[in-house]
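I've put the structures underneath this note.
Each of the next two complexes has chain A plus one other chain: chain B in the first, chain C in the second.
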Partner chain A sequence: MTTTTAAAASDSSRWSAVFHATLVPVLLVLAWQAWSMTLPANSPAPSPSRVVAAFVDLVATGGLVQATLLSLGRVLVGFLFAMVVGVGLGALMGSNVRIKDNLDPIIESFRPIAPMALLPMAILWFGTGTAPSLFIVAYAAFFPLLLNTIHAVSRVDRKLVLAGMTMGIPRPRILTKIILPAALPGVLLGARLAMGVAWTAIIAAELAVGAKSGAGGTSGGIGQMMFVFYAYSIDLNGIVVCMIVVGVVALLIDRIFRFAEHRLMPWRHR
Partner chain B sequence: MPTTPDDATPLTAGSPLAMSLEEAEGDTSKAELDKATPGERARWSHRRWFVALRSFAAFIGVWYLMFLWNGNPIQLPSPFRVANAIWQLAISGELLEHASISTTRLVIALVVATLVAVPLGFVMGLSRSADRFLDPVVELLRPISGIAWIPLGLFIFGVGDVLPVFIMVYVAFFPLLLNTISGVRNVDQRLVNAARTMGVHGWPLMRQVIVPAALPTIMVGFRLAFAGAWAAVIAAELIGAPSGLGFAIEWYRQLLMTPKVFAFIVVIGVVGYLCDLALRALQRRLTPWAEGMGLS
Partner chain C sequence: MNKVTSKSKLKLQNVSKQFVAPRTGHKTLAVTGVNLEIQAGEFVCVVGPSGCGKSTILNMIAGLDTPTSGSIEMDGVPIRGPGAERGVMFQDYALMPWQNVHDNVGFGLLHGTPGKGFNPEQREQRIRQHVEMVGLTGSEKKYPHQLSGGMRQRVALARLLANGPDVLLMDEPLGALDAQTRLILQVELLRIWGETLPREERKTVIFITHEISEAVFLADRVVVMSNNPGSVKAVVPIDLPRPRAEAVRAHPVAEQIWGMIKDEAYRAIA
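Let's look at the complex of A and B:
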């Protein structure tokens, strides 16, 4: 008896949660649809129904999936570059105060330079293909990785390291068995933040490369796709589809990294 | 139950400048400084300047060597040409002009975002039902980065002043809102109860207890908002504005005047750094009690 009422209660509370979560978004979409129906038929303004149609269309031609995968691949490659350099350098700077003191002024003076500010130089250096986007992504992802690694490594409990040394554990094993696991939470946090900025940076880079190199179509990617929709085919519904995809991918990246944090560090989440 | 800063601002906290909040900057050195005598303190800061100068000298040396090795001044100008370009641009007033255009847009955007996000954050932090209805909309929009709004924004506002401001308001909005909500919600309940026991209710409770307790978290949000907005305005100006620092770097890139491109990149870094410094000073002045909360 009690179980059924409890189940009913939890059921109704779940329904009310769903109701709360969807009410305002659904109302907004309905208002948007109603507003777009008052416009003349040839208006380029996006409307929910046309956005859905554009989405189906873009998926059917395969262009959307291809562009998203291209952007994601670039983000991954740039991120891996940044990971190798950032975590390596971060481990060095975190474990050696002298290296940190000497490199800090340089790092600190590059940090306030927005990644996009380097795009014109990246175009001059690497042309307009994939390379400048990779450079921007790696630059953007580098700082969160580096700073969080430095912080995490320098915060590793000295007593653990000393205890390991007392027991005569060789240095490489101390690094892999003590320092890395202790620094892992900070490094993973840095990786999650870095991946977030990297995804933003690739959109910006592809947009700007598209905007500045004409529609050569050499750069590709979802950012370039948005620019083509804006400048050439004037397809606002397509732009909105791309925006939604950008948001969904960002959300997925964030969720995957959080999941990894849970799985890799069960001791942090009781 | 304190929330960690990264939980409060997951997708937005990643911009390079914002990381200064994660990193306990000067944690140990500060503690050492407090113990030091004035003489030691002066020597310590002298040493720091010396190390910084030495690092910069080494950096410029490496740059110069790379310039000699590369041999193409359009790809990599010598550091002296860049210094000269900065000087020329400063004298002609062009530097100040573009920098002030960008910072004016930044200030307008931050003011607008604060006026919208902070009151909304208070409403959502204090009222559960407002939060339950509005939070889904926020969570749906937040993953879409400000950059992704540029093409649509270009179409709606055209190339001009409105687009960069719009993008910055959008970028600054989320960290401000989320930090305001978490600041308001995590006000120490004992403080509120104590005030209520003493007969403080309504507006005075708000002004005397909740706002001061939430302000440090809001200030952190403000600094995150600035960092995100500064990175976004460069992108927005690069693509869709006829003026500003982001426009200037791309303009001189097309003219292949690389020293001037470098000069403006330096200015972008310097302005960003100075603004962050100013915000930290403001934070200390406005919320001196934040340090005790571990939020400085």
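Let's look at the complex of A and C:
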């Protein structure tokens, strides 16, 4: 009896939480729709109903899915580059002070240069295909991976390494069986942050590359799609669709990483 | 009592250790002029005020530190570095947080020299046997953070013994436990060590503790150290019959040892 009332109470409080969390967004969308209905029928201003229509249209032609997958593919490849170099270098720098002292000045002088600041150079060097976007993504993802790996490796409990030595574990195995697993939480945190900035960077890079390659350009990706809507077809509804897709993908990426952290590190969660 | 079987296991000759602070170059003499001979199968406890270099001596025997002068030999061979024949149990256990009980107990067997000469089934068998020895059967899949302090301590003990070391080096292994658990684990430690076995079948143990009554209860001999710089003040034989009875805890020899270090202990905290 008491359990059912308690369950009912928590159920109703959950619904009330959902209600309060969605109330303001729903009201805003309704107000937006109401406002747009006062405009002339041929107005280019975006409205919720037109955004939905544009979305259905873009999905039906396959253009949106293709552009999103292309951007995601670039992010993944660029991220993997950054992962290999960033984690490898980070492990070296975190475990060896001499190496860190040698490389720190270079890294610290590049770090403040925003990925977007490298775009002009990247486009001139690599042209308007996939290469400049990959370069920008890898560059953007590199720093969070590197810095978090250095921090995680240098903070590994020294006692664990000493314990390994007293168990007759050879040095290479101490690295792979003790230092890297102990540093894994920090490395994964770096990977999650890196993936976030990589996704931000790809949109900007594709926008800029799209601007260079023009309307008929084959650079592709969701960023280029946005650029075409912005500069050629002037389709505000399409731009809003792209913005929403970018946001949803970013959210999904973050959730996937959090889920992976859960699965890979069961010892960190009760 | 067992004079017949006496055989020197460890020999420390005129051992001194000086630490130099890397930044300031400030020198500290941690221990000086330590001479100690430990017999095979002997249980030796080391007591003394804080900062008397107890852990420094243990680390040098483990091969994790090298003496500034003097020599340390095991079975007549100078110690050159860490090795699985000298197992260490650290004060805070140094369990691998990402490994469950089973993998922690088997860590040395799976990754280090102690696993040599065993096939996978024999390794499993040995892990199972040691998990059972410390009474943790059924908890194999638990991670260290899911265990109580006493259980973690048992995991560390099982790991230590599963590696099959010749000499057990224990740095205040019971220090972090509450008083009752501590008393229980002292008895258990003696049982597992093989108190009822003939001396030649027992392991050689060096056990560091703050607690004099613990030292008297466990040891064949108690090494009393003094500080500034750390040196051996006296070696007190505990000629009490084994298995030890609870009454041993109140033996007058504890009072006598306390008398030796009381002044320095007070000065150390003043």
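Rule of thumb we're sticking to: the second predicted complex is superposed on the first by the 269 of 270 C-alpha atoms of A that agree within 3 Å, B and C clash if a C-alpha of one lies under 4 Å from a C-alpha of the other, contacts with A are read in each partner's own complex, and residues count from 1 in each chain.
Following the convention adopted for this analysis, a contact is a pair of C-beta atoms (placed from the backbone, for glycine too) under 8 Å apart; a residue touches a chain by one contact, two chains touch by 3 or more.
All of these numbers come straight from a predicted model, not from anything done at the bench.
Asker: Does chain B (first) or chain C (second) touch A:22, or do both, or does neither?
Answerer: After superposition on chain A, A:22 lies in contact with chain B alone.
Asker: Comparing chain B against chain C, which has contacts with more of the residues in chain A?
Answerer: B
Asker: Is A:227 contacted by the first partner chain B, the second partner chain C, both or neither?
Answerer: The first partner, chain B, only.
Asker: Does chain B (first) or chain C (second) touch A:112, or do both, or does neither?
Answerer: first
Asker: First (chain B), second (chain C), both or neither: which does A:31 touch?
Answerer: After superposition on chain A, A:31 lies in contact with neither partner.
Asker: Per the contact definition in the header, classify A:256: touching chain B only (first), chain C only (second), both, or neither.
Answerer: A:256 contacts neither chain B nor chain C.
Asker: Taking the superposition as given, does A:240 touch the first partner, chain B, the second, chain C, both, or neither?
Answerer: A:240 sits against chain B, while chain C stays out of touch.
Asker: Quick check on my understanding: which residues of chain A belong to both its chain B contact set and its chain C contact set?
Answerer: none
Asker: In the complex, go through chain A and note every residue touching chain C.
Answerer: Interface residues on chain A, with respect to chain C: 157, 159-160, 162-170, 173, 177-178, 181-182, 184, 265-267, 270.
Asker: Once bound in the complex, which stretches of chain B touch chain A?
Answerer: 6, 10-11, 13-17, 19-20, 22-24, 48, 51-52, 54-56, 59, 74-75, 132-134, 136-137, 140-141, 143-145, 147-152, 154-155, 230-231, 234-235, 238-239, 245-246, 249-250, 252-254, 256, 258, 261-262, 264-265, 268-270, 272-273, 276
Asker: Which of the residues in chain C end up touching chain A in this complex?
Answerer: Within the complex, chain C contacts chain A at residues 62-64, 81-84, 86-88, 90, 92, 94, 96-100, 107-108, 111-114, 143-146, 159, 163.
Asker: Taking the touch rule as given, give the residues of chain A at its contact with chain B in the complex, in rising order.
Answerer: Spelled out, the residues of chain A in touch with chain B are 20-25, 28, 44, 101-106, 109-121, 123-125, 140, 143-144, 147-148, 150-151, 189, 192-194, 196-197, 199-200, 203-204, 207-208, 211-212, 226-227, 229-230, 234, 236, 239-240, 242-244, 246-248, 250-251, 254.
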